[in-house]
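Here chain A shows up in two complexes: once beside chain B, once beside chain C.
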Partner chain A sequence: MAYMHIGKDFTPPDVPGKVTGRIKYAEDYTREGMVYARLLTSPIPHARVVDIDASEALEMEGVLGMLTADDCYPDGEPQSTGLKMLTNEPTLVGEPILAIAAVDEKTAETAISKISVTFERLPFVLDPLDSLQPDGADAYNGGNTFVFRQGFAEEKWSSDQVASFRAGNEPTAEPQQTVAYGDLEASFSESSYVYEGTFTNAGYPHMSMEPRSALAYWEDGKLYLHGGSQSLTAFADGIAGVIGVPKEDLVFVNAATGGGFGQRARAGSIPVYGVPAKLSQKINRPVMMRVTREEEFTIGGARQGLTGWIKVGFKPDGVMAACDLWIVSDNGGKGGGADAYSAADCISVLYQADAVRFRGTAIGTNTAHRGAQRGPGQNQIAPIISPILDVAADELGISRFDIRKINTPMNGDVGGPQRTPFTSAYMPEALELAAEKFGWEERQSRRRQTNGSKVIGLGIGQGYHNAGRSGMDGIVMMGADGRLKVHNGVGNLGTYSYASTSRAAAEVLKMPWERVDIITGRTDLHLPITSPQDGSNSIFTNTRTFYGAAQDMLAKMKEIAANDLGGAVEDYDISNERVHQISDETVGMTFAEVAARGIEIGGKYTGSAELPEELAEWTQIAVSRLAGTGFMGVFHDPQHEGNPPGFTVTCIEIELDKETGKYEILDLINVAESGTIMHPKGMENQLVGGAVWGIGLSGYERHLYDPQNGMPASTGYWQSKVPTYLDTPVKIQTGWVDLPDPENPVGARGVGEPAQGSVSAALTAAITDALDGHIFGASPITADMIINHVAGTTENSVPLAQNNFRG
Partner chain B sequence: MVATSHDVMPDIELYQPADEATALDLAARLGNEGWLLSGGQDTYGWLKDRNKTPAAMIELTQIDAWKGVKEIADGIEIGATTTLTEIANDPLIKSRYALLAKAASVVASPQIRNVGTLGGNLNQDARCWYYRRGLDCYRAGGNICYADSPEGLNREHALFGASRCVAVSPSDTAPALVALDATMVVSSASGQRLVPAQDYFVGPDRDIVNMTALNAGEILTAIRVPNTWANAEFYWEKVADRNVWDFALVSVAAVFRVSGNTIEDSRVACGAVECVPRRLETVENAIRGQQRSESTASSAGNLATDGARPLNYNHFKIPLMQNLVKRAIRG
Partner chain C sequence: MNPQLTRRRFIKGVIASGAAATTTATWYSATGQSRPSGFVERLVRINVNGQIRNVDVEPQETLASTLRYKLGLTGTKLGCNRGECGACTVLVNDVPTYACSVLTHSMKSGRIETVEGLESANGELHPVQQAFVEELSPQCGYCTPGQVMAAVGLLRANPNPSREEARHALSGNICRCGSYDSYLDGVMRATELTG
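And then the complex of A and B:
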């Protein structure tokens, strides 16, 4: 389809501000009378606060007040998972205990050093398998796991069961969750190659470049909160409840966010917003709380570490007959995350196995709190399953490309334990495109070629994430100047999705882009509710809402024109910012004229009547405040059918040095299959950024805690090992299939998350290839692991230990 | 109780002397209470987290005499506040002592090399995370080593020379200067003393608190590299987790005089395997007069790790060190 905007590059309106530095992040704001807050955080992994003596600190000149958990929760702290604003029951090092407000940060920090907190130390644990031991410590007060609707509980295995799992065997304990389809036993019996082994994925922190700093102040009964989030209205909707302020009295200001990878989508990082808000209320001053890099680590959250056992069977023709997956998830110090189930779902989707069984148990540890991080579950299992496919292919005499084609999802297929049909699926096309652009077949002659201590490895990988939601709302407005105003609550996390999704409205109304204003950046500009900007959903979800809102405006334009100029609605079309009769284009009105007429008539044309009944409360507030101020299109998006998948395929060539354990990525291509491409430059950014992340997941990133005292060792960029520019290829090739999805009005689906998973899968496959098919069963695979494998040496490490060097 | 990150600079006096005498007087007067500040890359983290609490900083970068590279009768003299970028790009160093240029060029990141100095790279403190975290380990005045314990996270720690502390020398330029037989110029208000590079770095058996022979009141003002190994055959390699930022897991710096294919003489040093750059004199002796061959390299590599005592998580350093020494000898 020939589009005016869809699939075309453009300059998102925040780019000049980012290039010049003029755009404002949370820390850039000031307010008259603003003071600064600093946190006192727990130095102990599991404890109870017995006493706080802050008398000396509070007497210091320049100190304005203190906030404790008792202030935040006068009726007692909620006994649930997730971070609290402040706590007297810390379950991880770095959990905020109290905050001090002072005229400057130095004074606040000095005051903190004068506070004496008496803790009662409690047993702590860093490895879920240690906690599962009969005498293992429990991470939480009341157990080591959280049961939905029941609360904290204790989960224990026998010592033999733990030891057997650590030794590489299938867990024999009863799982907390079992999901299955197909006849597992029969499918394994049809298999001619079966792989079975244990694995670990390291959790690792988000490490957003911009820490989660926030400024809060109260004026005229309203809370103004400046912060950084992946989402705008979805975040504000949630944080209003956390702080306890009515939705209509919260103004969330967030023009730009310096990186969001899952944990900034929702109101989970409660302390960084709740503390300045509550402290500001208490001392009646604007409060800025800048978050340190280390606090960003502890408050910002981390990917779940997974400890698993996997058994995969392949038929003689390469078809994946069965996959049996057992995962113990590391839920960290505050619970959270459902990565393990998503891992099983991902295998089911990507490889269309005849039978799949997932068993899982989630156990807390006294480590950073966990939650969604780019491809939660899908991306951890990607580097585990991909080498298994390769070894199976070699065993069965099938090419590594063909085994993926044999098992590929495609149109008409279903996926996941729920057997959900895809809205569309063009994975075969993505595989072909990636292989062709990369020259996969031609490169096979170089496979395992050696040059001294160096050897070539080739890898191919696939990524998947469910990439679209629905049920949200859209608002577009037009004034008498005829400019289209897209009220966009998506949020600006750096992907430009807030702008890309707005173009769906411009497309419907055939508006020149320079005549479109995106209204965003603060919620008092009256923005509709959106789904949180996570799960790769934004493009699919919000093109639906803005397309629908623009369609509503278009229908209203035609109604007004038909009423004023005669004829039926069907007799009218639009072009060049006019609504006109199809048979005689001279009979019509400009958009400016029709908007002015709509404002004059009022009622449904200005949002004052006949609104969709299903609008969310947040949208209702926005519409009520906009009502009568302009010509309005408003839309509630009904639920869509099926699973809109985001797919990616990656091919990698590496040269691995067996003497140093290091490798160079010689070439890498990352190809997307995500429906119609909305914004090619944005897509390229996603694919390149995802590639860097995938390299980090498979090669470097880690989550270390000292077993002796429970302290984090990887709180900064140095020790958490995010990949650097010299660990990634100079040029990362990209490509996309660009076929429309029928469940989206412009054909688009999301792709952010799988862009990492496929790269992780391909890189691990390439390392395995270079080492003659050795499967590490781990992410990351670090230089020391490769050296030890080649040299035949081993470390004195505990098998399958999380939050350590191997997990 | 160990504090978590504060990330706020405390109040501290800052002295910015513009001449040598003033700087040396300040160093003498302030002693251990005076923190020598050059590029600041091993300063602000300590101070902001309040794990080191000196009374004052003495900034050395205003003193021109302690900057730059100049020829001297026997080789070159490098001012200690010369930046690592300047050293990596200096024509004289690149032409005669490419080993040092290479070592300087892979320190940390371009941003850090642009402000970080040679003196700072040599004098930087141990990078053991337990110590940096502010724990009460031996090096911090306590009576325990958290890394050398049954559960310690010691993947990056020492194979050799453990004596209560198992931290390693983190400097990339230090092994190169030991291999080049450099001399450290140590100045103080009472004069100047010259210390061979190999003796400048001290292990925990001699001094559990300091990693160099620099005493309170003294300043490393220059490094002299003699003509002895100018234009020799050099080998430098650093293996780190990542190619930017990271300290070496193991590094090797080697200089060779080769005639035909015969190794006439050499100096070989490894970084990140001991608290000091580990000079491999047994290797040097074993290969002297030998053909530069795979066989020589292989046996020398194995010899290099004699006496290694791996910890729980750093066994890999043994084959890695062996491989790097082999590669150095192979050339």
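And then the complex of A and C:
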């Protein structure tokens, strides 16, 4: 289909501000009378605050006040998992206990040094398997697990059960959750190759580049909060509840966010924004709270660690007959995350196994708080399952490409334990495209070629994430100048989806892009609700809403024209910013004229009447404030049917040095299958960014804790290593299938998360390939693990490693 | 108490914790304001973006702190404030320098350039900035000013770098969004723009 905007490159309006440094992130703001907050955080992994003596601190000159958990939660702290603003019951090192406001940070820090906090130490645990032991410590007060709607509970296995799992056997304990479909036993009995083994995925921190600094002040009863979030209105809607301020009294200012990969999507992931907000209210001054990199490690969240057992069976023809998955999730100090289930869902979707069983148990540890992080579950399992497919292919005499084609999801298929149909699925096309562009077949002759201590490894991998939601709202406005204003609540986290989704509205109204204004960046510009921008959903979800809002405006334009100029609504069309009769284009009105006329008529044309009934409360507030100020199109998106998948395929060639355990990625292609491509350069960015994340997942990133004291040992970029320019290829190739999805008006689906998973899958497969099919069953695979394997040394002594059998 | 205590060598009971242990990280120890009492700010003259700026500076104040909080040049970002990430990169005498890791006092003879100083007087973007726009190099943009300054420093030293050379020159600048490939596209495009 020929589009005016969709599929075309453009410069999102915030890009010049990013290259000039003019765009403002939360910490770049100042406010007259602004003072500074600093946090006192827990030095102990699990404790109870018995007493706080801040008398000396509060008497210091320049100190303006203190905020504690008692201020934040006058009725008592919530007895559930999840981060809190401040707490008297820390369950991880670095958890904020109190905050001091002072005229400058030096004074605030000096004041903190004069505060004496008496802690009662409580037992702590860093490894979920330790906690499952009969005498294992519990991470939370009241247990080591949290049962939805029931509260904290204790989950224990026998010592033998833990020991047996550690030894690599299928867990025999009762799981907290079981989900299954198909006849597992029968499917395994049809299998001619069965792989069985344990695996581990280390948790690792989110580490977005911009720490979670925030500025808050109150004016005329309204809270102005400058922060950074992945989502704008979805986040604001939630953070109002966390802080306890009515939605209509919160102005969330967030023109740009310095990176968001899951942990900055939802209000629950950044309750610490409540600290400057409440301090500001308490002392009646604007409060800036700058957050350090170390604090960001703690409050910034982390990926769940998984410790699992997997059994996969393949029929002689390579069909994946069955997959049995048992996962103990490391839920960290504050609970959170459903990664394990998503891992099973991902295997079911990507490989279409006849039978799948997932069993899982989630256990808390006194480590970083966990939550959704780029492909939570789907991406951890990607590097685990891909090498298994390769070994199965070799065993069955099938090519590694063919085994993926044999098992591929495609149009008309269902996926996941819920057996949900895909809205569309073009994975076979993605596999073919990636293989062709990469020259996968031709490169097979290089497989395992050696050059001294170096050996070539080839890997292919697939990624998946559900990539679309619905049920949100859209608003577009037009004034008498005829410019289209897209009121867009999508956050600016670096994907440019706030701009791409706005182009769906421009497309409907055939508006030149330079005549379109995106109204965004702060919620007092009256923005509709969006879904949180996690789960790769923004493009699918919000093109639906803005397309719908523009369609509403278009219908209203035709109505006005038909009323004023005669004829029926169907007799009218638009072109060149005019609504005109189809049969005689001279009979019509300019958009500016029709907008002015709509404003004159008022009522439904200006959002004052006949609104969609289902608008979210947040949108209702926005519409009520916009009502009467311009010509309005407004839309509530109904639910869609099916699972809109985001797929990627990656091919990698590496040269691995068996002497150093290091490898260089010689070539990498990352191909997307995510419906219609909205913005090619934006897509490239997602594919190359996902690739870097995939390289980090497979090779580098993990957090480490000191087992003696529970201290985090990897609070910086150099300790929990984020890949650098030199860890990534000189050039990353990209590509896409670009076939429309029927459940989206412009055919688009998301891709952010799978872009990581497929790269991790392919890279781990390439490492396995270079090492003659050795399956590590782990992410990351570090250089020392490779060296140990090559040397034939067992790799069970990594003193600080967490969430895995090597700990 | 849980019997696990003994095995884990927990200290049983209640302990009083001193503040030195209670805060995991200070802000101003890094930015130079945790100085012993009695120290005073001194007026220094520094050359920033071609202008002589007189600014009161504390003894251990970092250049990043001065730029951001005294001179309002917030284009220089702080990602880590401890020399790990490169977000604070500025040029000092044309050399890319982590502004979080040098003291303003040591800059008296330095020619400091920040991202705000790159545009021409008529508002035209520097070729590196223009190339980064054209190639959509930034994602979230937080590392972008640092990447821009590292790239400008590279092109001054080597106007025609290979992609591999650019990759090494920028390797002190982390991008958590993983936009390295797009930044390198930007650097290569900039070499074309500068001809």
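Structure notes:
In this section, the second predicted complex is superposed on the first by the 793 of 807 C-alpha atoms of A that agree within 3 Å, B and C clash if a C-alpha of one lies under 4 Å from a C-alpha of the other, contacts with A are read in each partner's own complex, and residues count from 1 in each chain.
Here is the rule we go by: a residue touches a chain if its C-beta (ideal position, glycine included) is under 8 Å from a C-beta of that chain, and two chains touch if they have at least 3 such contacts.
Source: prediction; values computed, not measured.
Contacts of A:Gln708 after superposition on the shared chain: both chain B and chain C are touched.
In the superposed model, A:Gly682 lies in contact with chain C only, and not with chain B.
Contact with neither chain B nor chain C is seen for A:Thr768 once the two complexes are overlaid on the shared chain. Between chain B and chain C, the partner in contact with more residues of chain A is C. Contacts of A:Thr20 after superposition on the shared chain: chain C is touched, whereas chain B is not. Of the two partner chains placed by the overlay, only chain B lies in contact with A:Tyr700; chain C stays clear of it.
Touch criterion met: A:Lys114 reaches chain C, while chain B stays clear of it. In the superposition on chain A, A:Gly661 makes contact with chain B only, while chain C stays out of contact range. In the superposed model, A:Val692 makes contact with chain C only, not with chain B.
Once the two complexes are overlaid on the shared chain, A:Ile787 sits against chain B while remaining clear of chain C. For the contact definition in use here, the residues of chain A common to its chain B contact set and its chain C contact set are 38, 41, 43-44, 93-94, 105-106, 109-110, 112-113, 292-295, 298, 708, 715, 717-718, 723-726. Chain B contributes residues 1-11, 50, 109, 129-130, 133, 135, 146, 149, 151-153, 155, 237, 239, 241-246, 249, 312-316, 318-320, 323-324, 326-327 to its touches with chain A in the complex.
Per the touch definition, chain A reaches chain B in the complex via residues 38, 41, 43-44, 93-94, 105-106, 109-110, 112-113, 292-295, 298, 453, 659-662, 700, 704, 706-709, 711, 713, 715, 717-719, 721, 723-727, 782-785, 787-788, 790-791, 793-797, 804-805. Chain A makes touch with chain C in their complex at residues 9, 11-12, 14-25, 27-28, 38-44, 50, 93-94, 97, 104-106, 109-110, 112-121, 123-125, 135-138, 207-211, 256-261, 290, 292-295, 298, 493-496, 681-682, 684-685, 688-693, 708, 715-718, 722-726, 728-732. Residues of chain C that touch chain A in their complex: 1-5, 7-31, 33-35, 73-82, 84-85, 87, 114-116, 118-119, 125, 128-129, 132-145, 148, 163-164, 167-168, 170-171, 173-182, 184.
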